[in-house]
Amino acid sequence: MNFTHVNAANEPTMVDVGAKVPTRRVARAQCRVVLGPELLSRVQAGEMPSHKGPVIHTAILAGIMGAKRTAELIPLCHPLGLDDCKVTIVPDGPDALRVECTAVVTGRTGVEMEALTGATIAALTIYDMCKAFSHDITIDSVQLVEKTGGKSDFHRPENL
Amino acid sequence: MNFTHVNAANEPTMVDVGAKVPTRRVARAQCRVVLGPELLSRVQAGEMPSHKGPVIHTAILAGIMGAKRTAELIPLCHPLGLDDCKVTIVPDGPDALRVECTAVVTGRTGVEMEALTGATIAALTIYDMCKAFSHDITIDSVQLVEKTGGKSDFHRPENL
Amino acid sequence: MNFTHVNAANEPTMVDVGAKVPTRRVARAQCRVVLGPELLSRVQAGEMPSHKGPVIHTAILAGIMGAKRTAELIPLCHPLGLDDCKVTIVPDGPDALRVECTAVVTGRTGVEMEALTGATIAALTIYDMCKAFSHDITIDSVQLVEKTGGKSDFHRPENL
Amino acid sequence: MNFTHVNAANEPTMVDVGAKVPTRRVARAQCRVVLGPELLSRVQAGEMPSHKGPVIHTAILAGIMGAKRTAELIPLCHPLGLDDCKVTIVPDGPDALRVECTAVVTGRTGVEMEALTGATIAALTIYDMCKAFSHDITIDSVQLVEKTGGKSDFHRPENL
Amino acid sequence: MNFTHVNAANEPTMVDVGAKVPTRRVARAQCRVVLGPELLSRVQAGEMPSHKGPVIHTAILAGIMGAKRTAELIPLCHPLGLDDCKVTIVPDGPDALRVECTAVVTGRTGVEMEALTGATIAALTIYDMCKAFSHDITIDSVQLVEKTGGKSDFHRPENL
Amino acid sequence: MNFTHVNAANEPTMVDVGAKVPTRRVARAQCRVVLGPELLSRVQAGEMPSHKGPVIHTAILAGIMGAKRTAELIPLCHPLGLDDCKVTIVPDGPDALRVECTAVVTGRTGVEMEALTGATIAALTIYDMCKAFSHDITIDSVQLVEKTGGKSDFHRPENL
């Protein structure tokens, strides 16, 4: 088996997906933004009580908009529409936020990279909004959680 | 102290940098792409002996091009030029690649987000080029390593 | 009934359109650019006699190109192709131009925002090309005129 | 006096700003989104009590991001950075929201089109988020309010 | 017969493709980059022995990414996805490189402009990477080689 | 001397321009679009008598807008503003149009690629608007004509 994005001449290449049948494909990716307990508290305080506030909203929107532009950012990704893209951001332990992005398409190729890009851009946006407080913020555990609808499904045994 | 990107009405907001003097600003960010030993070997085999090959080249270019578009992706970042942007990718232990992105600008605001975005997009591109072999790839330790030239410098005590 | 773009946690969200059947959808939007009689005469003089000239052509093209990029501009819009996009610009009374944009797609979601965005970007371009003469230009009455092909049609009782 | 964006051959053209001295330039633009009283109440209810909520946040971010991309949308605008861009959205009478966008640059050309584009994209985003309730929404009175720092200042006698 | 992109009022216009049936459409375009023998040798030396190196890889990726953005660049092109896009670059005589781009879509309109844009952006990228050695580089013979799958096929009698 | 865009590890790389002093830099590039006599006549007929018409206007605007986006298209180009960008299109012999693009910046790096990209995108747009009549259209002689303001000037001995 060879790299699908490298041809026999060892050059980068796209994959022809024209022979595939369009199916509904879903991919879900996650990552963690480790802020430390104090900065996490600040984010939560600004976002309360029942309404999500500006940090979370900005990150959600950046993630959705970033996912829509995946094919411009990842050189060998196919340009495609999206039926849906959702980003959620919740506390994850005493010092971190968990970002999850779910991308959906009815198409000939999957949206794994869209989900990963959406989660990552949302996480970078949280970093941007918090960096005046600290530069000791780490984005960790960027991973695919599951994908369905393609040639083979993937379900990560236990989530990050 | 408040969030610089949130105003008194709790709305997302940009920061006015017009009063700052343009200086040369450098930011360096890193992340790791954990591929596992077998997939790391495959990447290295395809890239040898002395020439970096298609996976690494594609990721480097994606990182540079992504860094140039940071202000389109991160909602409250200032649009700015770049004097330089370099991406390097080297093995990091038996199972991972380390991506480093250095962004440079002569301007009124820093390029921390550009360096982080460049490193992250390069890492996502490695993922994309390897995902036919495995979906168990993790991007980890996305961090700022150092930044200079702004109001205060930052040097991470020990690199990831 | 709730906002379709706001979820139960009060966060911005896209709408999943994957279950919809692709249909041919048409949307038509309009707006007015109030230039005043003198500036309107100048635009018309430069565009005569039988050929539309540079102001109108530039605005038409900006409108079409803007409509194609709607999903990049409006955060929660779905990315989609367009079967067609037409922009027309005609005098509307003694002091104004009327811009109309018609967008067409065969897809799972409508192109109302594409038509409105195309009309608006065309109007802003007219403003840009005329602003050396006057800053007292107003864009008014940005409205949907009709849309068909979706769950329910809309026809504005009397046009603006 | 001729159209600055039309040359002697009656073709569209940019203006050479290279001989100008960079100055701090500010432009402020406004528009109104007429929603009707019922829909305005819904927006306000979802955004309360003290925190601005998802509709307003999404529109603010879309406006800022749209302003940053003005030179891609308006064909003959100069590409430039922005020192700052602020969008505010407040109720305006019993049935409308008022959107205001202020753009700032230190540069050789003004940011009037950036302010107008930012206000307009924010208004279109409000439309998008409310259109499930009604298609009878009108964007009105898109106008420059003031601009300073260029060859001549402009202050609209009385605001819309 | 009239220009399809010009309407009866002599204005630029898109073509409505909504009535067409989606078919698999392939277009192949070529161009030559005349570098001179010395510069061609340099490019080949840096790309050897068996692996394609940084100049060629960068050009290939730029061509693919450029093809994906054709509808943003060519004003009246339809936005569409791509099933595949391949760029190859080979020596062509003693002083030139030949760039070929093949674009494929399952859609209602062809990808001739995508293939031409991809080939051209790849050629411009070769120019960019070689321009420190010489400004006497010419891109020549940008041509469609063949297209199939639309209303009528095209096969250039003999390739450039 | 080595490729400036290839580092010692044979990887693609940007060039750091931060140490350069900003100067006014001008670059002028040309190309020819060979349409054949009949198609050239058609273009001229539709553009007459004194006003340039839709084909030429569309191509001019596409060239200017393309030049503004050069840094997004050519991977290792620096993002920069433009003081000016002009595109002219004139008949060149009995069967061709000549496209010329002049780009101007006050900056640390030149605009040679902007001028070449602008000329090429304008030429591709002419192709697009004429392709319903013939696919036997060739873009030829894409060349830099002159550049000034950088480390060394360039003036092509005789224009194409």
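We call the chains A, B, C, D, E and F, going by the order they appear; numbering starts again at 1 in every chain.
One rule holds for everything that comes next: a contact is a pair of C-beta atoms (placed from the backbone, for glycine too) under 8 Å apart; a residue touches a chain by one contact, two chains touch by 3 or more.
It should be emphasised that the depicted structure is a prediction, and the values quoted were computed from it without experimental measurement.
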Considering only mean CA positions as chain centres, point out the chain farthest from subunit A.
-> F
Between B-F and B-E, name the chain pair that shares the greater number of C-beta pairs in contact.
-> B-F
Is the contact between subunit D and subunit F built from the same residue numbers on each copy (over half shared) or from different ones (under half shared)?
-> different
Farthest chain from subunit D, comparing Cα centres?
-> E
Where subunit A and subunit D are represented by their mean Cα positions, the distance between them in whole Å | 30
Per the C-alpha means, the centres of subunit D and subunit E lie apart by a whole-Å value of 37
Two or more other chains are touched by the subunit E residues 10-12, 51-54, 57-58, 61-62, 65, 69, 72, 75-76, 80-81
Pairs of chains found to touch, sorted by chain label | A-B, A-C, A-D, A-E, B-D, B-E, B-F, C-D, C-E, C-F, D-F, E-F
Sort out for me which residues of subunit D touch subunit A in the complex.
-> 51-54, 57-58, 61-62, 65
Where on subunit F does subunit D make contact in their complex?
-> 24, 50-52, 56-57, 60-61, 64-65, 68-69, 80-86, 88, 104-106
Taking the complex as given, what residues does subunit B use to touch subunit D?
-> 9-18, 71-72, 75-76, 78-81, 107-108
Flag every residue of subunit B that touches subunit A in the complex, lowest number first.
-> 1, 3-6, 10-12, 31, 42, 46, 53-55, 57-58, 61-62, 65-66, 69, 72-77, 112-113, 116-117, 120-121, 123-125, 127-133, 135-144, 147, 154, 156
